[in-house]
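What follows is a single structure, written as structure tokens, with notes after it.
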């Protein structure tokens, strides 16, 4: 399938290019960016910061404007657009009949737009049918969540299924790549911790609730979760760490029952054999020192969720840490996995 | 007054030397370390890692064994000993009639030993009178808390006085200097987060409860606090950050009332004008990005507590972050402040 | 004396404010910045990144435009302006009869402008008399060198006096603060080395030659030094390290003679007792592991030059490393020391 | 072929295991370590610090003593032993008829032992025939160079062939992984530069000269190179950077001729198609900001040499930077490439 990338010169756009280099199903056919970049060769329009070589075929492509008429050949587009422009552009593509698989936040909380993590809520793709961008349903939007909501929902899903989630108190330790490029100034973060990330904390509860919702008759019924979050920035490159303490609706009999909830959890897309899907979706580390961003964020192509420190809490039921690669599982890789699911489910023609 | 330092060659011992260089009341008279170091000049026995010059008068001192008979001239000793040896040695000094002001954990939870943060529980020094190390009361032990319990108790004290502390859920982001030297391997922490610090989490609740206790008739009555802690290591040099969410016994009417609890809190030792006491004990930052270890840990000589992000919590009453210099306020500087309080209160002759 | 600061909101401007907080001679009377900041309170116009509190008296000052007429009360100004605007503004101040002590590069290589490091070439201040900005000589410009040329010239000066400098091959490892704020993106430098700093290498030779020049009858005669430099950025906060291999014009008899050249070198301003002058201008470390930016850059108020690893070279005469605080000795602190020299020499009235 | 690993629990040993996981020719059959580890399962004897999972088949292997009689089935061994024990153990294996492909320094400068970088001096393997460990020649030793000499010799080789190397002045910026584990203390290197690495500088000249030698009639004739080196440690994880200024015996006509020397250089093992050999052995970056350890050290499996900043020097002929992965190309990966060369050349049966 031929794909386009909106916001191709930014950090998320570069990650899309990197991850799609050798993708078995998707081939990059068009790259869109701002007016400033349009018309230039991609290699001249971007400051490539990935640690693999920019593929030469991509390097020589001419950057287009983010307008549907310049993406005539593509089957769908990935959007790594900044939220300041994503709303308008993504809507234009959807209305033009070009499906948009977006990493931007603009449509995440729209009632008709799936906020999708394939292992968590694959059935939510049916929301697409309620969208009205085109009369024939050919244009639609699917989004992936914020880079904290992704690992959080993955970590909570087995517990939610087994015990119900009542309350979550969490602190994040987020890697610098989460702020894009140039992003965080080195003088702000080298040897330091910054106890605030603008706009981050307020996304976590609503996105997590939407992800854990049940879809019935085209309507989402959301669980009501009490959630209190503190988001901090630390000097790690990739991999957001979450330290969480959780109260369940139904108290487990023991910590072993909690572990079994993970072990017994069945990945609903396991049999689809999607290219970007990790073999082991949730890896539960028994070594107290693990997981660590530097050692584990890249495992299984950066798509694995790592949990550790799982233990009883004196206050609620359990405490644990969860960590995943923020720009792969938490952004571009998640969007690609969404596309893979949508393809096998027949939404991409 | 003449003071000795036990464990003088370690990281805490070096910090004692640094902080006592120009102290108005205390002069270093003896340095004690292990057999391996005893008999050597201090400069040859230590690997000085402070970022100020080793004072030449200290450099030329001969290191003694940690035996009371080799500390004949001192009025009291500071102990920066490792906990593997601190118990026996500190007891020997106390029994020999030499007061011990210790940073080690060994006697912290002893019923007769003050676990002291002067701004939190100055009256606990009266516990000294219940100690039995010597018949005449000349030898005794006072301890300072773990480097997380110090900032936590300072942060909670105004709230405890105003509303009572019911429950605390916290995650720490601790600096590498907390592990001493050589301490944390650079391969473990550069660009990384380690979600575990051995032995750390279990100290936080009992020490905090003891610090917030009331002393009546020589007995401590401890508040019962529900507390769940996750301790992590991050690549900061100095300054432990705590992210906490707290439930009070009595619900404040508003976040303003919570802020007023800090503003109205009276430092009980303010009028003593102790040399190591910060002018402003608790600094509440209004800028969401603050406090930060690199910018604020050294302020007011490393003795100030920095709070920030104070806000209502959806789950409990409030969330906030607190940060203090772990090896100054949280270790050697705290012990020196303890000594200053003990001196003005007449315990040091 | 009343002083103004041009470029007060930038990183160098902030450093000026920090260093002048408690200066015995100079009091900040005016703060100038761009139109965007002019008219605002300083605290609202700047993003204060120093690790000391912004003095409240400064915080409330209103920022002026960088125009001489808005600096009516000052005796002179410090300039921390960006080079893109420094040329025009500094000239305007000089022409208005207000002396300018500048950290910018614009006038550094001007034949009539002293490029000044007080311990290296204090007599160059007489060049001021050749300046024509005003008819009565009341307005003039003095500059301090690039943050590499400062420590390099300080390190070479004793050798130049003793043996003559023939050739220098050097590699720098420069701290992130050298690029200002926001400066270096954290994604570019965390756990990394960048082997290039734009515009840096080409300044080192001409500035070093000018610093080591002799002034005779108002003319500088420059030594001809062969110099090859590679400038790199490393993840240190403050302190530029230089690794240098040097060939002298006259071969020393031994490495001891080289060391004696440092020991015997006489600081020409030692007897002036300037406030910002370090007691020991050049500290030669004997421990192979030293100097290090983190341990030594702040010593003696950040104004000391640290040398180490001094040894014979198989290729040239000697190799050594030199390190100094780049934003204090190499920028704002150097400019303040220049002002102190100019004051005692009668140039500042 | 069945291979053993000596020193299997250390940092280099772990890297051997990682790189040999999926090797097409070599299968790990035996793991040797110190007495302390022998008899334990590998997973219990090691503190696995690689960022890929420890293969489960390796995890369950029982660690042997480093004695030839416990390595009965192997065709040869890789040695990642510490130099304090490598001499004796490697000699014992060679005498027992088991070829040793070693990363240790002990035999590097032995006249009969190849110090081998396959792209630089593949013909040196014939030195093996001059070894006397066994009567029938079945046991022998081949070594790979120090982690700086590897990238330096690769960078110099095309220049040496074209112009002859006369003089090299270099400064290294070396990553923390070069010191093994636990290796460098985080307090020593976080936000810092250490201008010394014990034992490092003295290896660079002799090893580079041996690597660039000509082998004639079983004797090496070494080029005489003037070389002055300063080795520093910086807070990068992997990838040693070298900043070098070089004088040739024959002056090139232009920098273009110098670049052509790299472009025209023919990799002598290109047609052997070795599994660990990079497609492009030397990558010359044109972007001044490159190479960088974090972006480029892992490219081509960590086996590529990256050069950049190639330019004329005012003092000598040229300056450049060179960078390669220190524990792959500069250690375990280099040894594996040596083994691949030795296999196709018939030395491994």
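Note that the chains take the letters A, B, C and D in the order they are written out, and that residue 1 is the start of every chain.
Everything that follows uses one rule, which is that a contact is a pair of C-beta atoms (placed from the backbone, for glycine too) under 8 Å apart; a residue touches a chain by one contact, two chains touch by 3 or more.
On a predicted model such as this, the values are computed, not experimentally measured, just so you know.
Trainee: Over half shared numbers or under half: where do the identical copies subunit A and subunit B land at their interface, same or different?
Mentor: Since more than half of the residue numbers are used by both chains, the interface counts as same.
Trainee: Between C-D and B-C, which chain pair is linked by the larger number of C-beta contacts?
Mentor: C-D
Trainee: Determine the centre-to-centre distance between subunit B and subunit C, using the mean Cα coordinates as centres, and give it in whole Å.
Mentor: Distance between chain centres: 40 Å.
Trainee: Can you work out the whole-Å distance between the CA centroids of subunit C and subunit D?
Mentor: 42
Trainee: Hunt down the residues of subunit A that sit against at least two other chains at once, touch-wise.
Mentor: Residues 49, 188, 190-191, 235, 237, 294-295.
Trainee: Sort out for me which residues of subunit D touch subunit B in the complex.
Mentor: It is residues 49, 176-177, 181-191, 235, 237 of subunit D that touch subunit B.
Trainee: Within their complex, state which residues of subunit A touch subunit D.
Mentor: Those in contact with subunit D are residues 49-53, 190-191, 237, 294-296, 298-299.
Trainee: Taking the touch rule as given, give the residues of subunit D at its contact with subunit C in the complex, in rising order.
Mentor: Per the touch definition, subunit D meets subunit C at residues 167-169, 171, 173, 188, 190-196, 198, 205, 226-228, 230, 232, 234-237, 239, 241, 243, 245, 288-295, 308-309, 313-316, 319, 321.
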